[in-house]
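Two complexes come next, and they have one chain in common, subunit A, joined by subunit B in the first and subunit C in the second.
For the complex of A and B:
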């Protein structure tokens, strides 16, 4: 057995670590900013670039893909090399991966405030960035699998399985969900419409949580927690069961984001069943993590790294208990659209991802720099600030969420809704303030962590290439020595078959999916008609401004909702919606029937409300959209948008693209004339006119004869 | 709702891929030892540098 000498690449790990720290602080700062926007809506919404609707996606994308994303790569690049006893396959690929990912993050940070967004939650980035993500993801996978192939350790430790699952599943999710038709460099329409789009989006959205925020971090937990505690994981067998059970259950849970919506009921039930089953592997894993510290709990008192990890795993347990509970229809009926969900995701994000990331960083940085942590005291201060921060964040939001749901659903003895929507908004303000305090504490902790880690880096020197030795992997002789050659050649055709099958499937899918989807979009309600060109343009502004971050467009079949918003939403009403705009949160009221029934308001009301919401609704936290009055509508895009919609199967008459702008102006003039009667002078070429047209159209078709 | 077909096929393919991976891992003996891997990862032998004596680098 020949012992081979090689070096682990620590430089890439270090780079990802620094990126994790910096993007973490940036992402959390933006988070604090959006939280405070709900407390001080007029001062902190810097229109148009830094309004809530535009930078809330910036916050989510930054913490998920920049903070946690870099955290994943940091941990994977460190642990994978050591678990496989091999240097990463290619330094060049590592470098491309690192810089490519950072460029994507910068691109996201520029495009989102500019309003370049697909309005699909956690997948807001437009198509050129989607392509870049695909390429860099392939680079990551290539580097990882090539390292696995040249490994010096036969056994694949359970963490590696988690990494593989992350790579494969995120790749599939991203590809399927990002199926879009570009109409210009920065604008595309998703191929899916309405209910179909909603289902694909939440199939993606849930699995983004599962395979970006959970599985890779579980892999990290199974490596770094035993390392930090210097004792083996409680049960390796359980960790393997944890992995395989999780993998086969997670992918079916997505529809629990669409309970009581227009999604067919059987799909909702499927999502509920799988979501509930998830509690078993999740808790198995959580218990496995905590029991790793059995007999070492005295060390948790002293070792700040273990403290971080214990809170992280506890938070994992809490959110994976809450997740299945929230997936039950009766609980979901209460919690959906409320701030409860915001509390839930932050227990997961701040607790599980955040605390584990910092625990790993405190363990990793001193090790790679051959030094000790700059200050244990500072790290302890960070720990307490972060832990208190999570509590100050989650408790007010849980309380608020319950209260909000109760107020929405409460009737007076005479059967009237007890509260105006606005009353629930003003009720929430103090809770929003308290939650911001929690966020501030957490962010302060993170900044202390940043200082501590950078000071540690300053006093040490990076071992860029760490020497290691391991025996080369022996060729697999398995049971029958003589069969080796035979088996080898036998495996190749199978591999070839599988590979060609995949290629054929991708090719077939790319050809079939568009026609498939377009055909299945035949309207089920004949009175539902495509948007007029003006409404379509207005809708795209609605998308651009991220209105979906606060307003849902999906009325669930409950009396409390039909009383407040009108007839519950039907699947057939959304067949022309590319993308769907159902939303997931009601910081503001539902808009699905904004133009219909009792909700219908005058054009002047909408104009004044968009201009200065708090002037119309005292206590409103909606930012002012006065800039829509000044901005001119870009009508040069109308024809290409209509054509794109025709490609997607929206039944505009042939040649309609050419006359679309004329119709657009006619409709705009009607609205401006109407506004003039109410004493409002505005040019019919302004963006606000199209937004009003869109809002007035919402939910009206179903009652047309 | 043909998107169901797409999503189900995709999900089944992913699950099927992992099922194959699972079968491979069982057959190739990945699961035979469910104890030592957990111990093994704790040992990291430090090696004195021979090839690159001066490979230390600051940021």
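For the complex of A and C:
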């Protein structure tokens, strides 16, 4: 058998590693900033570009796609080459992948503060960037598959299955969820409306957690943990069950983000059942990871890399226990919309993704630079700061979540709600401060890590092309007696891809197709009418400012909610909402019926409240939107927006686009005349007027005769 | 118990086959994976298991 000499590409891995470190620190810094905005709302909300609603998506996108994203590629490019005994297929594709991904991140960092956003959580980037993501993802997949095809190792180790499933599922999720109709370079409307948009979005959102934050990192765990512990994975057979069960079950679980909402009940129930079952493969994986260290636990005391990995896998176990529990309807009724969920995602993000990333970095960088780690002491300090940071973050948020939920739900003996919403907000502020301290500790650790890793880079020299040798793969493989069919799949990567694709499509299809096709799933309400042009423009400003990051528009059928907010929300009320704005967190109150019933306020109240929220509601953490009073509404877009809505099936009369701006101005004048009666002088062409019009419209349709 | 699904399915002909079919897909899938894992060749498993430690 002829032995071939070749070289591993370490340069691309190094580039992704540096990007991971830098974007990690940037993303966490923005995270600390948004956390502090809730403690010091007036000083830290630098309007309009750096308000909470605009930079909270910047934080989530940065840590998910920039920090973890680069971490995935770093780990995949390192492990894939070695597991396949082959250099990456094309240096050019690697380069395009690296720089393309960084450009996308920069584009996100510019557009999100500018308010260019689709307002779909973790998919906020507008359509040109969506296209760029698609292209770069294809480059990644192409490079990966071409490498798999020219490999020198016949077997595909389980880590590679996880990478393949990641590639194919993220591609499907991104394409389906980004289906949108552009109306200009920086604005589009999602193709789906209301309930359907919600289902697609949370099918995406949940599986972004599954297939971006989990499956690729499980692949990394299955490669780097054995490496760091210098012993093979505890049970390879368990890893196979883990893989197939996880990808089969995960894709169904999305509706658990929409429990008690206007989503059809059968879809909610499917989401609950599958979410609960997920605990089995998840814990199988966690146990497999931890037991890989059997007989090496003494080394965990000394080896900082193993410490990071143990905490990572433990955090994975905790958040995947909590996930199924939170999916039970009775627990979800308490936890949803509260800070409990924020604690949950940070145990996953800071614990599982963060700690595993740093563990891998500390292992990888010294090896690629043929040197030792600059300072073990510093790495240990990082470990303890990060671990304490997670605790200081999570514990106050768990407490806050419980407290919030119980305050929202309490009644007095005479049957009145015990607390005003504002009281729950002011009660939260000390917890927000403690959480910020947790974030600060974690960030300080990450900065120490950055210094340590850069010092390590400084004292070593990069082995950009690492020499390796392996025998060439025989062109034909003789099937030996008794060989199993799965062996056959494992040797055929394309088949593996197709199988993974089929497995992940089943769940999504079962939930989505009936919601789109069976009419009775979204009962229409005849009094629900399309938004007026002014309201539509106001709604787009609501979207631009990221109001959904703090306000839900979905009243669940609980007495505590119907008493506070009014009649519970119906599926038919959202049929013209592109995108849906149900939200996922109530830092502020629900706005689904802001314009109806007891919630209705005067135009002047809204004007003064948007101008300076804390002047109207003492202790409010909402930033000032005074700039809406100065900004002129861009009415040049009205006609194209109405036409786009018509394309999407919103029943405006033919030719309505042409008269829309006249109607817009008529309605605006009514509002300004009304404001004038309250002594407020403002031009009808200002953005604030359209926002007031939109808020006053919310939830009113079902009461119309 | 499944009234929320029945409403939509009872209008279809032979609708009882759908839940049975779904259950079968599940059972076959997981029994398949478990069975396969059980009969895997031990030597081959060891080879694959040690792939990350090779270089």
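Basically, the second predicted complex is superposed on the first by the 659 of 705 C-alpha atoms of A that agree within 3 Å, B and C clash if a C-alpha of one lies under 4 Å from a C-alpha of the other, contacts with A are read in each partner's own complex, and residues count from 1 in each chain.
Note that in this section contacts are C-beta pairs under 8 Å (C-beta built on N, C-alpha and C of every residue); 3 or more make two chains touch, one makes a residue touch a chain.
Predicted model, so just to flag it, every value in this text is computed and none were measured.
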A:301 touches, of subunit B and subunit C: first, second, both or neither? neither
Contact breadth on subunit A, by residue count: subunit C or subunit B: B
Subunit B versus subunit C as contact partner of A:5, first or second or both or neither: first
Which superposed partner A:269 touches (first subunit B, second subunit C, both, neither): second
Partner chain in contact with A:236 - subunit B first, subunit C second, else both or neither: both
Touching partner for A:192 - first (subunit B), second (subunit C), both, neither: first
Partner chain in contact with A:157 - subunit B first, subunit C second, else both or neither: both
Common interface residues of subunit A - those touching subunit B in one complex and subunit C in the other: 82-83, 155, 157-158, 223, 226-227, 230-233, 236-237, 240, 244, 248, 264, 468, 520
For the subunit A and subunit B complex, residues of the former touching the latter: 5, 7, 11, 14, 82-83, 154-158, 161, 164-165, 168-169, 172, 176, 192, 195-196, 199-200, 203, 223, 226-227, 230-233, 236-237, 239-240, 244, 247-248, 251-252, 264, 267, 457, 461-465, 467-469, 476, 498, 505, 509, 513, 516-517, 519-520
Subunit C to subunit A touching residues, read off their complex: 4-5, 7-8, 25, 29-30, 33-34, 36-37, 39-41, 44-45, 47-55
Residues on subunit B engaged by subunit A in the complex (per definition of touch): 1-7, 10-11, 13-15, 17-22, 25, 28-31, 33-35, 37-42, 44-52, 55-59
Contact footprint of subunit C on subunit A as seen in their complex: 79, 82-83, 85, 153, 155, 157-159, 222-223, 226-227, 230-233, 236-237, 240-241, 244-245, 248, 264-266, 269, 468, 482-487, 506, 514, 518, 520-521
